[in-house]
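Naming follows writing order (A, B, C, D, E, F and G), and every chain is counted from residue 1.
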């Protein structure tokens, strides 16, 4: 299913023609892989977590001042977790501004990656939410704790191998 | 200047979840020094229903009734984004008439949402009366919704490939009536509110967010535009048929609560203008005319072609979301409402990430209220325009 | 003067010359009957239920955090301070105002000086930020 | 029963002595200040009693009382400000610990 | 001194301006006092639900083929379709059908996708009950005809904005039987034909 | 001036006519006007709450109370009954004494101040020499009650609300007192009856509002602030403090606060009417008609009619002001605490001082116009 | 006994009880807040006495200043230093208090005897109503200097009090309490132990 979709993409990364942003990054010497463009033609870059911070900083310097959306993906039970970032160049009277998506795969047993809070403040709650739902730990985040789920919740609800506890199902309906 | 020393014990006070002005079930843990706010921590999740998890277990048809519960005041937008995501991923063509109907509905919904922002915002700074005035107009919008969709709030009207039903007959006329009725009412609100010295004093210079901060904090919608960014997704993304109409992006450079107020008031006017234009340009005209033309034109009439349908092709109950991923967004009244959808060629999406504008906009609240007065918390929170349904999802 | 030898030290009883103040006392008593009556009536009529939950302090539906009896901000005190001064001032000015028509220009000038000095106090408090909140 | 000067004087004496007691025994500075207010009020009562019984025409006692009230208000303002200042430095309102000037 | 006077003048001007704008606001609220209240006094006046209104679901037992599409499109698979396979007829035979309106959100998906139109939405919205289990409607209850607001002599029926005549914004102003805005397609056609008697539909 | 209806004299004389001792007759008379004024005040406050509902409803295109009595006039009665039979909950952590005494201390000064409201030459409970000054001074007791309630509830909202209420109350007392001072200066007396008499004779032209327009505005603003009406209702700002110092109160405690606030509002309106709008004087002096009709002012019937007109006029003026206050409440937003105090200290206080001095100067220059 | 006389006697009795009870409460009660509120009661009862002594203006001023201003000031001050403070016990505190009480009692007795034995030169003139005019005239004739000095006293008091009560904010390098606010009612999760992606 999804593992078919993304994992092979890393192997065939060379086959995907690198977009302008990828080329620029390469020219600046930032290691990354290009994945398939997404359905709207936005470049998707795969970054190792060690290089997330430099690549993100480079993109910030490049002009991507707006972190649109940050979230997590679970590639399936036992598979890696992904943290994705959609970046945009926000400007006045923009016409089709440049966009780019970053994806960072982290192993399920060690889901750690650096926070982007210090680049884009908006990552604050979005990363907290991803942490809350997927258990991806963003190192360096100022206040990483559960945000939507109760503080004492056990488990990461959005992971595909999460087993829904049966205690709340239709609590008082009958 | 020297200040009076204020090293007194801070008072930690809970505002919410059961508080008259918390816009739902938000909880703020506010640390006060007298009347001054030292710190504020929002606590969310009281309305969390795990909408993303639900989405992973529902077909689009099944999921559509849920989405109006995100932002239950701008319901059309949640439906629009929910059908846009699979629709664009599957490259489903949408008839032109359906797009026009969508725009009309979206803009009506924007008016309704802004109205129900205006009332509580004014109530937050202490004026109760506008709350009743806005309900008068909002009820009319909802009457129109009810006639077209069958429900006042939870419409379930948008479909993959169009909308659920054509506009009922007489609807276009009444919608025009509403627009002509509504614009003077906005002037009346402005007369009542805009220049009121107390209101001005309460909101001007309060909760100021600079352009850089607004972008960095990921603000969107009126929050962003009030901070001096001319950024409206209707213009940026050219989605639906907004390019057909003559309208202006509302933006201000002050970045305070008053600028947000002006932006939203302006947007109501613009929305009204868009609706008027869309009603005029509706392909095929109002339902009754179109139907008459169809009846007159016979089965092979040009009025039966694709662009004059209200829906391209009725989606199957088990409509499959094709393999692929993308991030779609619409300009909701509160800001950028986005969906990241990852399909794997099954009726259920593999990942359905919602980017609610309220959630992102709310996180700047502690930043804005620090150092302000207790009363400013309400003004600022009101000006952010959060709906806990979409913040907690 | 001292008619009664036994109680000669109680020379002369008071002569109460102010009229209308007996009304004040009686009215005060009558007024205090109102809340007492309200409380009594309500005590007879109202239901009585017990329970720990209903007797908790309201704090937006959460358990109250910490004491409400905390030290408070000094700004309120500053206003009270300025108020004391101006309250005393009004007390001085009332006799002046009432007797003004018999006092003449000199009194006006004297009161002007009086007020001017207190305006200095106001200006001082203003400048020193005693009337500020931030 | 009619009211006599002596009643008021006795009352004032009582109030004064209660004030003295509070002044001597209180450990809380604010209570000490309140006791001082009691003393001043006892004096005021005396003034007014004398004014009414001994000088009913010129009522200079009333004038004195107003001045005493003024002084008392000023005293309260400054006294409490001093209390606050000391409290800020010593973090206590205990009289026994305000022994800075003792030696 | 002059500067001070200027300040005072500006201050006064501000105060006058403030008073003016507050007065302006007062005129707005004062003006509303002569307008007709927009409230609809609910139990005595009621809005007639629109044609598309999604009220309580009506179910026709005989039409149902127990296909369970309604269950599949329902967000929470709510309808309970109890059927048995009749081997002689080689058909599914419906035994029982029920919807719990305490849980139903009236999204209308079941009605929209029902292949035989045995489900329909009625205009009935007053579903209150003393016990939530009373809201679990079985096939009989689902088959009852809905109550109509217009038929109730205690109620003054009114129509929502969309069904009022053109130009009328207040339902209090017109009788509910008055024609709504817009012509019917046949009428438009008739009008057109009246204008152009020669042209015939192709 | 011994004109006008003097019920007390008539009553006492009548009783003495029955052979009662003067003292006893006086004693019998004493509680009568008091009870009447108390009942009247309560009634006016109830009418004020009803008006509040109706006017706000009208301003918001609603209907408001409709079914409780004709036009819903019985709704205040229903309120009172409801609040009386409601359970009174005292929080476990609250201080029982302060919590219970708070509302009483708030409501007592307000009730007491009705003592000095005149409705006619002799239609006043008692005409005290210190009149308005008494009102100013006893209304300064209210902050104590507010602090009691706020502190006694042991609730953070209550404490904040109580402190705000006290701060607000004291801040607006000085401008209020100074505005009254200017009036007292013009009428050379603090007695409310004297103040009205001083405005009499010229009909609407003689009213103090023309001579004291600034004072009128100051007094009105300060009175609204003292009553905690909407532009200044910070102590119970529901958006911030839920209900301020009233948060923990239910049943009768709440009722006392609620009644107290409306009693205070009615009282303020009555006092504005008395101090600035000529009290019981009609816009055109009644004497003009009386003499025009060839009747004597001392004619008993004329006296009764004059008294009735006087009472009506006073109430009419007061309710006109009340209406303004209500409409204002439903029009404007609430000010912030710092703006409130700024307005009080940095605007009203200097303006009131200047107004006082200008009044004094004018009085020196034009003694005729400004009360000799 | 006339009516007015009766009212006065009753009033005197009530006020005496109020005043002495309140004053004793002020000095004896443990809770300083109660003391402050009782102080207000003492002030009000004193103003009642003033009315009995034909001083209506002073009575109103008493309420206005003492209750409305000074008492509020005291209450604010109490709330400012409102810390539950347990005073360190002082040796022989009971004895001290007893001695003080005895001395005070002696003082009362002494004063009482003095009051009762002195032949007061009581005036036979009747007090005139309208004391406020008289006070006004005094203020601007023989008491003019004190009148003006009073304003200076008030000015000085205000300046002194403002200077004392405020302290100029010295820009200390003190870091404002940076530890994040926490939710006390729920246990916090340990971030370190979450690495293993447990279901």
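The rule is short, and it goes like this: a residue touches a chain if its C-beta (ideal position, glycine included) is under 8 Å from a C-beta of that chain, and two chains touch if they have at least 3 such contacts.
In this text the structure is predicted, and so the values were computed from the model without any measurement.
*Asks:* Could you tell me the least number of steps, going only between chains that touch, from chain E to chain G?
*Replies:* 2
*Asks:* Based on mean C-alpha positions, I'd like to know which chain lies farthest from chain A.
*Replies:* D
*Asks:* Count the touching C-beta pairs: is B-F or C-D ahead?
*Replies:* B-F
*Asks:* Cα centroid separation between chain E and chain F, in whole Å?
*Replies:* Roughly 49 Å separates the two chain centres.
*Asks:* Starting from the mean Cα coordinates of chain A and chain B, work out the distance between those two points in Å.
*Replies:* Going by mean C-alpha positions, chain A sits 26 Å from chain B.
*Asks:* If you average the CA atoms of chain A and of chain F, how far apart do the two points sit, in angstrom?
*Replies:* 66
*Asks:* Approximately how many whole Å separate the CA-defined centres of chain B and chain G?
*Replies:* 57
*Asks:* Residues of chain F that touch two or more other chains: which are they?
*Replies:* As it turns out, chain F has residues touching two or more other chains at 30, 59-62, 128-129, 133, 136, 140, 151, 156-157, 163, 166, 170, 173, 177, 190, 242, 330-332, 337-338.
*Asks:* At least two other chains touched by the same residue of chain G: list those residues.
*Replies:* As it turns out, chain G has residues touching two or more other chains at 3, 5, 8, 52-54, 56-57, 61, 64-65, 68-70, 72-73, 76-77, 79-81, 83, 116, 120, 122, 126-129, 132, 135, 139, 150, 154, 157-158, 161-163, 165-167, 180, 183.
*Asks:* Show the residues in chain D shared as contacts by 2 or more other chains, in ascending order.
*Replies:* In chain D, the residues touching two or more other chains are 2-3, 5-6, 52-53, 56, 66, 69-70, 73-74, 76-77, 80-81, 84, 88.
*Asks:* Residue numbers of chain G touching chain D in their complex, please.
*Replies:* For chain G paired with chain D, touching residues are 5, 8-9, 12, 16, 19-20, 23-24, 26-27, 32, 35-36, 39, 42-43, 46, 49-50, 52-55, 57-58, 61-62, 65-66, 69-70, 73-74, 77-78, 80-81, 83, 85, 87-88, 90, 96-97, 100-101, 103-105, 107-108, 111-112, 115-116, 120-123, 125-128, 131, 134-135, 138-139, 143, 146, 150, 153-154, 156-158, 160-165, 167.
*Asks:* Which residues, counting only chain G, touch chain F once they are in their complex?
*Replies:* Checking each residue of chain G against chain F gives 2-3, 33-34, 37, 40, 44, 56-57, 60-61, 63-64, 67-69, 71-72, 75-76, 79, 129-130, 132.
*Asks:* Where on chain F does chain E make contact in their complex?
*Replies:* Touch list, chain F to chain E: 55, 57-63, 66, 327-328, 330-332, 347.
*Asks:* Under the touch definition given earlier, write down the residues of chain C that touch chain F in their complex.
*Replies:* Chain C reaches chain F through residues 18-24, 26-28, 30-32, 34-35, 38-39, 41-42, 45-49, 52, 54-60, 64, 67-69, 72, 76, 79-80, 82-83, 86-87, 89-90, 93-94, 97-101, 104-105, 108, 111-112, 115, 119, 122, 126, 131-134.
*Asks:* Within their complex, state which residues of chain B touch chain C.
*Replies:* The contact residues of chain B facing chain C are 1-6, 8-9, 11-19, 22, 27, 29, 33-36, 371, 373.
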